[in-house]
């Protein structure tokens, strides 16, 4: 039996590591509800993905290391990260031998190929976005059930290689392969959404049962052996049990009382003081790639006027937004589209008191209402009716109220409307709903600037009349789009040059101001007293395999 | 009926206090209860203190609104998570809550009276259809309706002929609450009308050649009025409780405006640190509902006298 | 007899049909409620969206969708949630039912016992301050919003005074099946029971007192007293027994409504995964299959309860039995 | 219309109710069964019988206050058997009713003046719609007529005693100067001392206004006092019909005889002379076959168990439904 | 002992019974004023009077069943020499149903609708006697049989609503008699019944005296019922005794104008039909607005000055009369008894 000590325990930033390494026991997790299907190729919810990373593997994986190091893809089921060939159009992976699914079967080349076909067969949400660049994906998107990806993903059983052919070079190809939807599942996994029945995986754990309204039980995968501790280390706890059903408030109380070791949901704001006073050692604060931003519809008045959008950017009190999110410890003011920690980030803030595009500041200081009012006056849109749509959650409503005050002080007849959280995000995307301005949050799928730029403002992501149109502002600028494309292309070969281009694109877009970035969020994790070795990865929060319980 | 008189007094007091909300906010508390201001300060014992108090613990996480100071000019009942004076919002909230619930109660009683009287008086197929309709209404989840309506009204508003109802229009919660409790109120009315229909004085009226409509208006309706009057405070109490849920679903009272329901919802998130934010409007609801019920009981007793003065033989 | 049954059944089907059509229409009339994009996932490509739409049949005419939905709900019973894709809603409701029944049954026992005690004591001491005090207490119970009361109770028992001797025995929120751990079951539920019962204690206590006081004026009570029976016997065997008829009919409907999901707020506040919470989940996620399943379940329960109440009426009241 | 033509006449009138719970199945209750009667102008027909024998139902049928199952009714020579409410409405002023329960028949929420004026408001007078002053004059006339103080008009029914309430009822029934008044046990609920006042009032009014009464009562002595003719009902049917004095002095039907004999009279020492019937009135849902009275009849013969006796003329202006009439 | 009672030791002796009830706003109203009477063993005494004259109240006071809050009962009611007014609850309960039983007007509402009549009779038996269930039921069936209920065994298992009015009243009587009470108070036992059934029940009541040896206080407003059933009669008017005495005397020579008026206003069933019925003007006074003097004064055709003070009961001949006329030497004329009814059925 291998000890998990193979992966050196690392001290996570924030709280303390308690106790000594301990293998065994049950890790008890709580969340207010399950998070959809247990099919890892379909589920797109961070709650499920966080658990999935200790159950499944792809050819590559984001390194299971604490902090920044976890942004980087490393070889997982593949022997090594291959060098791109054909100028970034071809990748050849060698599959590691001797790895077994929790069903006992060894992972073979055909499992890998089938898994990629399955992405399209089950209409995986990222099928188009992430894997549309594979040769043959077009046909698969049109006719999922008969997807072969012929010529796109080619397996060779004899030398255990899998060759990918892309239609165009992709700097983020490894990121996409590391993404959970590209997990390798047994080839005989049914080609439909599996619902509550999780398929076998290769990670240290396997899902024994799942009921999205009651809970989930996870136990060790008996066939697991560590092959690359960086990609998939062994776990400490013998069992992981998820219980659903408590409200966020109740989750905090229960975790404080030691009934659970970790709560998935965000700690409600009003409990922060109590946590700081009584349980500081059990709280861990970590950066995540998530932000709040105020989206303006560039096709609807008054926000079809660039001056108005800039005015909003000048007027918005980012500090107040930060306060509503829990103060400086819980989030940082965000002035630009690329948050810190990503390539392309540069300290840069044109929209603050005493700054403009000619003289940008490095950080946000205060709103510039006078300037904003002047811009509004110039735009001639004063007095128009503006409706701000926010999701009906306490934090967003508080932010919305303040933003409404801001819009009113700019001279607009402003309303704030909170709509059901469940549909808020699809609702604001659809141009038919004529949403003028809306508040939303956004989380990155992986640590690349494109996830904040191309995804949210790329022309290809604007689909009028569709519920799926993440370019909510409807922004599409030829020069900016050209920069996006160039940055993506350059990044394939030269990350550094690419970063500079991303930064340039960000600055250009900021001037057009299709949105007003507000804050970058942090994740505040509350754990039980007995949980040790808190271990945070940037993308997937606490890594369940690396914490121990006494 | 001294208890009923006291209850009526309490209600009058509540209404008066709510009406005086602007006075309280501007003259006494010197606060602007609809503007969130996280940087605001209040003066207490000559000392300036921030309304949103930073947590000076190791983590410096979050801000906690000031708790009850018990000084009318400085956040009497404390502040909410947006730094707004809870006491002032409570008074403003009373206006909306009382308005919505009383209008809803009246509307509900009127609709229930129409339905109950038609079902009870005409009987037969009319009764069957109306009763089943009531069953359907009773079983429909209100909140589904509310969520849908809130979404419909958010952007374009609800188009009703020439009228556009926006989501902050108080007609919406009033109408929804009224509709929801129609089956509840219509049932006893129907029963009462069914027994009245058999009453000898209705037979007497028919014998006099009085038309059905006139019998309905002159003989049935006045006798149902007792039932209606007794039901009204009960429905109003229920409406008060329902209003809170609807406000949460963005129907009716919209942020930053307040109602007791929305304040409870705000307070729900503060219940562990500043329970007063939720407890105060909760108590306001309890007191109002209590007073309404006592008033209802008193009314019933008072109105019942006439019916029972008849000596039992 | 048979025709009456058939008629009743017909009306029931009519009601269920009406409710389902309304729920269905309301759902699809809601802008943004189209589940395709939510099922497809954030940032899904248009092709994926179209594929999902086709796969779930959202591109079919509404009546076809309705029939399919109803068929899967009632006939094949394999209707799955839009949100938790593989989740079959019918078994889910069935799994949630025992939780709700545990909650409601326990609360019912409490509210019946306490309200009967309250009603009879108040009647026996009518006019005194005990009577007035009890009735006032009942009113306070009626006036408290249940979710508020639940939160405040949680605040006290789970957080503020959880460490004191008074509430240290209170387990965390949630549910333990009776078969697994009877004592745990009891300890988990006792507080939710009380909170849920408070409202009904108020209502039933007051209703019972009113009925009992009215019964006091009845001739048969006078007869019973003239027989030389003790006051207690007169009150309990004659007064209470006859007043119980209203009580029982009220109880039947309330019980059914609660078992059908009416205890939604209590379940949510106390983290009990019952039918009410399921309804709540369905509503906040706008998950039509789940909403439909819980609403239909609740409606069937209410209709069933109506029938049972009629039956119990027959048992309790010999007059009704003979159709007089 | 000739002088002897009946004001109201029923031919084989029947009224059946459907009763019983849905669960146990419906049953037919024959409240009134095959009744043929005629009431001539100016006379008083007394209708007697035990509780539940169908007196009130018959009274209501006469005025078409309920639908009729079978048979026919003519009022003033006009067939009103199937007349609709709208057709009947113009005839209502000429046919009125006074009810037993003086309280229940007055809407407790309306003032007495309002109640009495109701028929005046809904029906046109001889010169069109009545004016306020016409109505008020008529109200005072009516209160005088029935012996109510003028102040009564402003008060509510519950402020009056039973006797006064019955006067209000009578005033209302008389407001439109009807020809026919059906009085359904108008004195049964009253104390004896008040009962006499009301009976006198009825008789006075008949003298003064030439009214025709159908007077329903279960008290034989009251019926004897007021009626010119008497119809005795048993289980929905008329068993004896004839001149009041004749019927009550020498009854032909054994039931009538038993009824008379059972009346307790304020005369000491009479009790021993009673002829007691045994058993109770059978249910109208399952009436006995043959003569309906045979189960309690002291002189029943085997034939009574099978043959239904028809109402036969006995010569002296009397009719009885008995195979073996007395006298 | 009042002048009128001439038997041995009375079974029940009521003296100056006064019942005062609160009438709101701190006022009180005297429902019953200084009523006295005595009832001998195996005697049937009638109590007549119009509705509201206080008949039921008197009976309930004797039974200790007045529990209206604020009610005050003064005077005395001795049963076998034992004071009933103010008797402890427990002692009263032991008497009630066992020694003194009561039956009520409407047998439909006076029986608990949800229990079989057998159950209800058993209950009374077992409340006072140590009897097994089966023993109680046997006695119940026997009693029902005694009351002339056909097929008593099955009747015992029926619910009140399943029985006809007559049978229900028989069940009530059986229940009242179940413990062999020495005093039976019957509060309008036949008012809700038809005449033919009423005759049967009255017949039954009369037989009780011989079969069970009970005394009966028969409350009614029907002079005919009294004439037919009672040995002695007491006439109540507005909470006061107007007249009392042997029934025969009272009917032939009524001493009080009210008694006379009452008797006259009953339409005769035989003989001459009066053109108009003699009637008493007006209506009985509301207990709260009772005149200070003779309560009958406002309606009395003989009223004069001396009636302004309340007249005391005086013995005139066989009766006691609360009227000044006999004392003033102007007694009412004797009443002409109506003719006897002919026998209709062949013997």
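Each chain carries a letter (A, B, C, D and E) given by its place in the written order, and its residues are counted from 1.
Please note the rule applied: contacts are C-beta pairs under 8 Å (C-beta built on N, C-alpha and C of every residue); 3 or more make two chains touch, one makes a residue touch a chain.
Here the structure is a predicted model, which means the values were calculated and not measured.
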Centroid-based (C-alpha) most distant chain relative to chain A: E
Of D-E and A-B, whichever chain pair has more C-beta contact pairs: D-E
Centrality ranking, top chain (CA atoms only): C
Between chain B and chain A, distance of the C-alpha-averaged centres to the nearest whole Å: 43
Inter-chain centre distance, chain A versus chain D - centres from mean C-alpha coordinates, in Å: 89
Rounded Å distance between chain B and chain C, as computed from the means of their C-alpha atoms: 23
Centre-to-centre distance between chain E and chain C (centres being mean Cα positions), rounded to whole Å: 54
Per-residue multi-chain contacts in chain A, two or more chains: 249, 253, 419-420, 423, 427, 433
Chain D: positions in contact with at least two other chains: none
Touching two or more other chains - residue numbers and ranges from chain E: 51
Of chain A, residues touching chain C in the complex: 33-34, 36-39, 42, 44, 123-129, 132, 141-142, 144, 193-197, 211-214, 243-247, 249-250, 253-254, 256-257, 259-260, 419-423, 425-427, 429-430, 432-433, 455, 461, 463, 466-468, 470
Contact set on chain C toward chain E in their complex: 127, 218-220, 222-231, 233, 237-238, 241-242, 245, 316-319, 322, 324
In the complex with chain A, residue positions of chain B that touch it: 35-36, 38-39, 52, 54-55, 57-64, 81-82, 147, 150-151, 154-156, 166-168, 248-250, 254-256, 265-266, 268-274
Touching residues (chain side chain C, partner chain A) in the complex: 30-34, 36-38, 40-49, 51-52, 55, 80-81, 83-88, 92, 95-96, 151, 154, 158-159, 162, 171-175, 268-269, 271-273, 277-278, 281, 284-286
Residues of chain E touching chain C in the complex: 60, 63, 65, 69, 89, 93-98, 101-102, 104-106, 109-115, 123-124, 127-128, 159, 161-162, 172, 175
